């Protein structure tokens, strides 16, 4: 039984494609007229992909087989965005999204936009009726983030603001917050004021010293409860019919994730 | 600055509340008239919570302080559903949702509904315009899953079907699939036929033998590419001002997650 | 070909035996006349083991098969010693022994004897010509440690001292040190003075706060170099012909291990 | 109080020295007349180290400070041996030594010598009265192993044999065995015959397929009990006063370790 061929399943000019050569060779490219997409296994002509069904086999100029796939969120995150800052990894992003209960329609604060990596993920999950309010005190980062966000067509679900989140957040009654700044303990008051009562916040923190300092600050602030800290270790397996084994080299640490929920401070 | 007090931020009859006593004592309860919510730190009267702002402090009959929080997705998953089967854990669910690129509006296959735990999570992320099609060959499981799903008011975003996913899936052109059955290699053809070209699938598999068998079946089937397998190890930290340390006892293994993407089979 | 049957391979009165019923049922017992060894799978009569070859099959009073094994170091550690304190685990002990380069003939300081668990392991590896000098400021612990050490017949390779290692260590020119006390930063000077130049030391530390404090103290002390910190995560696999998988519940954290090597302090 | 300066604590010609520049720059060198030891931080003249106390500070030709340390077992393993094969890592070696209860005086079989890395570690722990019997079916490997072993002066405690361990082992009544060959299931009989009754064996196995196959072979062979499989994940921490954190890139997998103990086969 062949799947019904809908227009949506056909590559068009303007679409992004993920060219999958093998596990280590994956290229994200926009389909444009006369575009030549280079790989170390030969060139692929964009025009040859247009009109093909998504998931089709293609060949490079060196006659190497590849697959033309519809990019997923993770492909944009891994291959499609320009990174100028350390970013939160998929393993941690998935966990944060889940633990915060992000949903379509949610209004979310992002403190520390950086390259816009997390912004994109938040926007993906709150669209089409939710919104992400992203703050960064580096205009150069915001410019890059803006371009990255536009690449996925998510700009309508994001407002980026140049400003210091430790000094103030304009929004009120937000559903959740993701905080990725070096000194989150300085922003507890502004984050607190921007959130709905009972709303959750996730902090991403690389070092043990920051973990300690943030934990102490959260305890002293008395505006949050259910403070929990986690760390995720991801192991990928190398797969072949003769040898399946965990990868030798893995990312052993990206950061700790601390969660808390806003409570009503007693007067 | 006090957050604007909207109706949405006030507990009403019919709402669920998460009563947070401490890290190990958290109770999920529905607010009903004259209801007494028991804990090993004393009783809480539901009527006393109604009308209070979410995130408010309450006291038990033993004068122990607690917090009345608005439940998050994770609270329903951990405390709100009846479990009759082994379930996929939050750490894995977040990763699966992220890697599949699940979004509001997506139409998703779930093979192996069990207690409805994963169904709830999928429905949470595809609502309000998407849909989850869940299959299970145990009617007793489907009944329990139905109740669990109703608890979160997600029933409009889910269709549960009594049937053997290895024999057939009614839907076509689905955006993604999550497969949690003991012998997923028997369902490759039906899953393949239900998916859009290029759509991703995630398999949840507990043992090494299943990992091997599924990998070999996927390679032989030739309808999927980008086959990857992962495992996530979650470490929670015990937090106190005098001692922060990874928890002594952790869940070391729940299962492996294997991903693949549908390709157009050559004729 | 049958192994030559030497006397050494036969169980005698006075020997310890490890009765192995299954992975979770292992009993360490001394073979004594008329002794009845109880298990939840029935009773084993010690006299029936005496005279049998090590590794022989035996049966309990309930006719359950078991194996009479010669105990290994790990069996004594896991089953043979009375524990009154938190002990360092095999995974960490093996790593410490290896990283310190402990060898037969070495003279080793142990700061914080506790139940004598680590003392036993150190004595095992330095015997017959080396020696362990163990300090503890709790006489009750030392008494228990003494009994535990005697059980393995290692008393000639150990000197236990009642005293505060932070105040002084009698020995000089030791080959290595293992430190397991709550405030190791207070003992840097005495440990330094007891060691040979260039000799290594291992610190076992449970919490992040202690890790930080010890690291800072070591840097400030300026008598050690090559300061490194590690953590080992051990995963056991559940084995059966139908399902091999990492154990669900594992020990996620016991402590951090910090190593350093004595250098000649500039005057 | 200054440590008594014994001759043993002074560097002599012929000694090995570990020159420690920083965590990533450590050089193992033999002290020889007129030898120039190169580093990317400048040259060190061996003659300048001779006569210095172990643990002394030295400076390179670029006036960079370094420490002249007495090498430990781990330094030889990491820096001193020529590797032509995949080797077992310190984390696993320490655990194997511990779990097998290796001790001074033990007679140990090594199946699969490779570069002699494990041989060196076994010899270190069995000396001065024990012995390692190492088999390999590659003469070129044995030659390299021989040189590596000689570097540490351990040649009197090792007998290397060119031969196929699957076909036969000359020794009987050995105390333990370490097996690191690709098809250990083919050597169960010869290993069994070489061991004392109740003696333990450790297998090092990289892939899941080998784990499965070995486990099944061990169960079918019926000459071993207490079959257990483990995996160790080692995390090193990056240390600085401003940031302590687990290293970003770690070795996620080297191999699985399977243990078993010889039992008396019923006739």
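Should a chain be cited, it is by its letter among A, B, C and D, assigned in written order, with residues numbered from 1 in that chain.
We take it that a residue touches a chain if its C-beta (ideal position, glycine included) is under 8 Å from a C-beta of that chain, and two chains touch if they have at least 3 such contacts.
Molecules present, by chain and UniProt name: A, B, C, D = tRNA (Adenine-N1)-methyltransferase.
None of the values given here were measured: they were computed from a predicted structure.
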Co-neighbours of chain D and chain A - touch as defined: B, C
Selected pair, greater C-beta contact count between C-D and A-C: C-D
Most widely separated chain from chain D, with each centre as the mean of CA atoms: B
Interchain centroid distance [CA atoms averaged], chain B/chain C, Å: 43
Centre distance in Å when chain A and chain C are each reduced to the mean of their C-alpha atoms: 46
Interchain centroid distance [CA atoms averaged], chain C/chain D, Å: 20
Touching two or more other chains - residues of chain D: 208-209, 211-212, 233, 235, 237, 244, 246
Overall pattern in which the protein chains touch one another (line/ring/star/complete/other): complete
Touching residues (chain side chain D, partner chain B) in the complex: 208-209, 211-212
Chain A residues touching chain B - in the complex, by the definition given at the top: 1, 3-4, 6, 8-9, 20, 23, 26, 53-57, 67, 69-70, 72-74, 90-91, 93-101, 103-105, 121, 124-125, 127-128, 172-173, 193, 195-200, 211-212, 215-216, 219, 225-237, 239, 241, 244, 246, 256, 261-264, 266
List of chain D residues in touch with chain A within their complex: 206-209, 233, 235, 237, 242-254
